[in-house]
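Here it is, the structure, as structure tokens.
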Amino acid sequence: MSTRPSLDQIGISAGKKARLYRILYQHGLRNGTAIFLPYNHGLEHGPRDFADDPSSGDPKHIIKLALEGGFNGIAIQIGLARKFYWEFAGEVPLVLKLNGKTDIPSSADPLSPVNATVEEAVRLGADAVGYTLYVGSPSQDRDFAQYLQVRQDAERFGMPLIVWSYPRGAAIDAKGGRDSFYAVDYAARVASELGADMVKVNFPRPDHRNGVPAQYQRDVSPAAAIEAVVRSAGRSLLLVSGGEQAGDDAMIEKARESMEAGATGLIFGRNIFQRSSAESLRLIAELRNVLAKYPSAPVR
Amino acid sequence: MSTRPSLDQIGISAGKKARLYRILYQHGLRNGTAIFLPYNHGLEHGPRDFADDPSSGDPKHIIKLALEGGFNGIAIQIGLARKFYWEFAGEVPLVLKLNGKTDIPSSADPLSPVNATVEEAVRLGADAVGYTLYVGSPSQDRDFAQYLQVRQDAERFGMPLIVWSYPRGAAIDAKGGRDSFYAVDYAARVASELGADMVKVNFPRPDHRNGVPAQYQRDVSPAAAIEAVVRSAGRSLLLVSGGEQAGDDAMIEKARESMEAGATGLIFGRNIFQRSSAESLRLIAELRNVLAKYPSAPVR
Amino acid sequence: MSTRPSLDQIGISAGKKARLYRILYQHGLRNGTAIFLPYNHGLEHGPRDFADDPSSGDPKHIIKLALEGGFNGIAIQIGLARKFYWEFAGEVPLVLKLNGKTDIPSSADPLSPVNATVEEAVRLGADAVGYTLYVGSPSQDRDFAQYLQVRQDAERFGMPLIVWSYPRGAAIDAKGGRDSFYAVDYAARVASELGADMVKVNFPRPDHRNGVPAQYQRDVSPAAAIEAVVRSAGRSLLLVSGGEQAGDDAMIEKARESMEAGATGLIFGRNIFQRSSAESLRLIAELRNVLAKYPSAPVR
Amino acid sequence: MSTRPSLDQIGISAGKKARLYRILYQHGLRNGTAIFLPYNHGLEHGPRDFADDPSSGDPKHIIKLALEGGFNGIAIQIGLARKFYWEFAGEVPLVLKLNGKTDIPSSADPLSPVNATVEEAVRLGADAVGYTLYVGSPSQDRDFAQYLQVRQDAERFGMPLIVWSYPRGAAIDAKGGRDSFYAVDYAARVASELGADMVKVNFPRPDHRNGVPAQYQRDVSPAAAIEAVVRSAGRSLLLVSGGEQAGDDAMIEKARESMEAGATGLIFGRNIFQRSSAESLRLIAELRNVLAKYPSAPVR
Amino acid sequence: MSTRPSLDQIGISAGKKARLYRILYQHGLRNGTAIFLPYNHGLEHGPRDFADDPSSGDPKHIIKLALEGGFNGIAIQIGLARKFYWEFAGEVPLVLKLNGKTDIPSSADPLSPVNATVEEAVRLGADAVGYTLYVGSPSQDRDFAQYLQVRQDAERFGMPLIVWSYPRGAAIDAKGGRDSFYAVDYAARVASELGADMVKVNFPRPDHRNGVPAQYQRDVSPAAAIEAVVRSAGRSLLLVSGGEQAGDDAMIEKARESMEAGATGLIFGRNIFQRSSAESLRLIAELRNVLAKYPSAPVR
């Protein structure tokens, strides 16, 4: 079993530690775990993600949900942060998502262009910034160049950097797809090599082996796979994504396996806001029960 | 029904509020609504848009028309602003359009390059700047990068930012076209996510469903569609465009539906200047009658 | 008939007015008209343009010709300006051409890269700068970006900006060609929209209608076409180009029609320097006779 | 036989000399030779390189191995340097690798984008920086542009620059491949021409002659080939790479031939960490025996 | 016959004149002529150019040869300048070559990326900088952009700028090839138009007429061709390149014709260093005999 690193072991500055401490020990369960609410779907997918329940398209409604659910943070783009977050400033930590794109044009060679800066995150009182890295994209040169600027600004301002580490692009599609154990494991490692403080990944699918390298052709349990991914993330704290809406039991089990493997927390979007408020709060309660079983202290 | 947000609810700075207040409460009907005259067709389409009436090609004539018609602002490019606006400076608010392109080369991968800056808008006494965002373009990375600079400059100078949020490019053409409810709704949301203060969209066509996602395949009335679009724009004030010249009754009805849905105003170009002055003023009077029925206060 | 705008009507700064006054009222016929000698053919076409008379390849010879002919300015690239103009500095106004390219590679997607700056023009005592804009090029995004820098530098230094507004590229070829009335008219308007102080165009060919928009399909006289182009240029003073060497009578007639329509002047290169000195001076005398008939005062 | 240049013969600044002295005479065998442990495989290949022994994926384990093995330096990316090196800071020299890429997309036109700066290397107490140059890539223009910045920053901060000089891309594949004597020899020279302080190359394969220029078609022994490569590197100190894991005897022999030819040292990654610790230490001991036979003084 | 321009006729600053005076009147024959040794082949072609005589690959050996042969300067890249020139600093003028590329990838769309700056040339005590301009390349926009920076830095520091003006790319290949009179003549003119202080060209081949414009289809003697090229270079001093190794008599004759036509000197690389030292010195003596017959004074 991997172990979750403590905040004094991961080589971060006072500013980053202060903000991570606030997120992990002064919000949510206050036990070193975290559950984040990402809400950038309006940019990434468009309002169609809110079609079933129009209230899910209202940022104010979602920020309130994050508050009621006891989330450790809400991740939104600059426009929503400027126009909606100010009402709730300080009540729930803000993760300013710094890049994003629509899903309208082809995704064979993806790049998520920057639309806000770390300095703006500081100005808005954010406690972390988010950056989507498309691991495996033919445009990795431009992606890395953008990321370099973001990472250095985050260092300069003591702002924790959460990397949405997403395998994407034509080559990924040909080598097992975006959720394969190979792809997720590689993505976690890339985020670690490039200095992410936290890394968001999808739960790996070791059964997706079509075209993956030999080392990933063997039979591996999901539990073993997520444990390997946590190890690949090293001292970058791992967050596991909920992905598309799925069955509750399966989701809870994945959450449990992730935490057991040493993940720091969860980041659930559509699985939360594409339900009624009541159902959302019930699922959140279950997820919090899981997190409660995996506390860790900030120092060792 | 959506409700139009008031100026103290949308998280804007003093400078932005001062300029929006001037536009919405010290010009036009002075009741929180607006009607703008866009006049960048000479760049976007060339003088062919002025062929039927040569006087429509004379910027001085058009600025006078904006004054006589009681418009809340005129949107022009830097060249016309420098050489023609000074005669009427202060009499009608200036919206400096910061980017634009000709329609001569292919529009499969469009980008509207910047040709002026927010600082120049300040120097010219403008009350807002305009930026065309081609939502769905394969060049969204370069578009977002340009836009980031404009948005940050607008924040720095307290200058309201109006986004012409236009679905465009080969992928849009393949997914229902530029006027589909899907495309317009997505475009409104993207502008909101990226921090537009106002967003200009075309009136959505819910009957354009060829290739749109499943969520937009159902039967929806135009009134319901524009209401959804207003909601997607969130706290970015919505302006509905007149588009190509169309029948007056249909246009008035769309204007009414837009205002009823919570739009802040209208932005009508060719429908205004491609008529005789008399006919223009008559249409403007009708549109003002609509706007007069939807007043709102600057604070709540 | 269009009317030539006076220098106090076109919204320019003191520096730009001082330099335009020098060009229009202290050189040439000193009556508000102008004839310029462009001499950038060595870069654009190579020495082949000087094949018939080797002395035409000698910049010193050409600058002397500009002096003897009483031109209002000579337009050259930075290399010739640095190494040849200093001998004649102040005697004839210098228009520093800031961009240019060879005609060796394909011209389907043209861009004229910048090779000198407005600041260098100031340092050399120039009275104007020239920029070639390829209207309709698929690379208009890069063109506009370059141009923005040049235009802003020209504002900063009070330097008049002359735009060589040239329809070019594969789409232009498919829509009537570079000299069609449609293309020239659009080009004049684009220069005006983008803030040119003067704009150089070719004389329009209303008979080139193959592929042009419907508005340009009707029968129009050359005189009516050039008048429309002057109107499209608005408050950007219009210069009509001589183009390739042509019959003298036809050329004089075009010059007359241009001035009658409200053009400010002419810009003739190959038609001048591809002749013997004696023949050049004779043609220049005829062109000056035309200009003499169209004086205008600097203020109204 | 080529001779290894001494530190006072290679035209370097005091800062570069101080740091190279530290690497070559205060670590490892302290005799002017060096053996480096590169550990950037997690970015370049992904965790699959650690599949046989999970502990090889743990950066802490590897840094300890570098200490125990008496290496002259460990080369890692910024993420590992920030989060893992601080525990061992100063105990083993840090070579901060400044660029890198995944191997997921096509490598026909490779570029290794920069993800950290020389200034960060200074801040972390590094004694050298590493840069991968893809010699022969169609993207050499962008590669050289990046490299220029890195080289100048390295001059500015007195930081030794080690170039991973790797022949890559479609043209290399067609001209004998990446390990041909032709390609390796050219790569060593390019690094020298561009100012590398040290250059890392693969051991050349003179038998790979398919498509190489005439000059490389003759029969050459491996010993003669590596000697030529050392000469081509000139006053850039040569490091020979271990490459993929190979038979121990062959490797030791290549190491011996390299040192005999005038190389300064070795840089072995997978051959070291893809073994058990015991086997690694045994191989390291053998390599150190080779290095011990080729001492050189820092000055002459 | 063209005449070589004197240093006070070419509009250069004091700093440029001081350095050119040093090159032309304090080294070599000290009579206003020059012979340069270019030694950037290790980057442009790789070590294969040194295959016949390994000592030709040793920069120290080559710099010594430049000294013994009484050259007016040696042109090398930054790496060799930093690591080898310091031993001989001041003894022979340094021309720092600022850009370069390998010949491994396709040359259909060539660009020679910058790898050093004028400021570095100043720091190294260079008396000139060299820049390769690929006249006719489809990438001329990026080439001109790079060149603009170099030219302006050279002005700023009073550093003479030598342009390697090379016709290259697919379009050149289709229009008579790189050595045609058409191509060389155009290249000389482009360098002049863009402000080169000296321009290096190949000796023109008027017999290469396949695909050249009509003006270059006539019969022209080599002597007349080089004279035309000197005229096209105008006040940019012309250097004629030796090109690939050729018969001595033919080479001497070309050198004589070049000097007779008004060239300032020669720039011979492979013809010099691909011989034994004795043979090199004999050829140099013959070339110096030619130069001795064409003295010119620095002022008139």
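Just so it is clear, A, B, C, D and E label the chains in written order, and each chain counts residues from 1 on its own.
Going forward, a contact is a pair of C-beta atoms (placed from the backbone, for glycine too) under 8 Å apart; a residue touches a chain by one contact, two chains touch by 3 or more.
No experiment lies behind these values; they were computed from the predicted model shown.
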Neighbouring chains shared between chain A and chain E, ordered by label | D
Using mean CA coordinates as chain centres, what's the chain B-chain E distance in Å?
-> 57
Chain D and chain E have mean C-alpha positions lying a whole-number Å distance apart equal to 35
What positions in chain A touch 2 or more of the other chains?
-> 142
Quick one: do these chains touch in a line, a ring, a star, all-to-all (complete), or other?
-> ring
Successive chains along the ring, chain A then chain D then the rest | A, D, E, C, B
Chain C partner, complex, touching residues on chain E are 10-12, 135-138, 140-145, 147-148, 151-152, 167, 169-172, 175, 182, 185-186, 188-196, 213-216, 228, 231-232, 234-236
List of chain D residues in touch with chain A within their complex | 40, 42-43, 46-48, 51, 54, 57-59, 77-80, 82-86, 100-102, 104-106, 111, 113-117, 120, 142
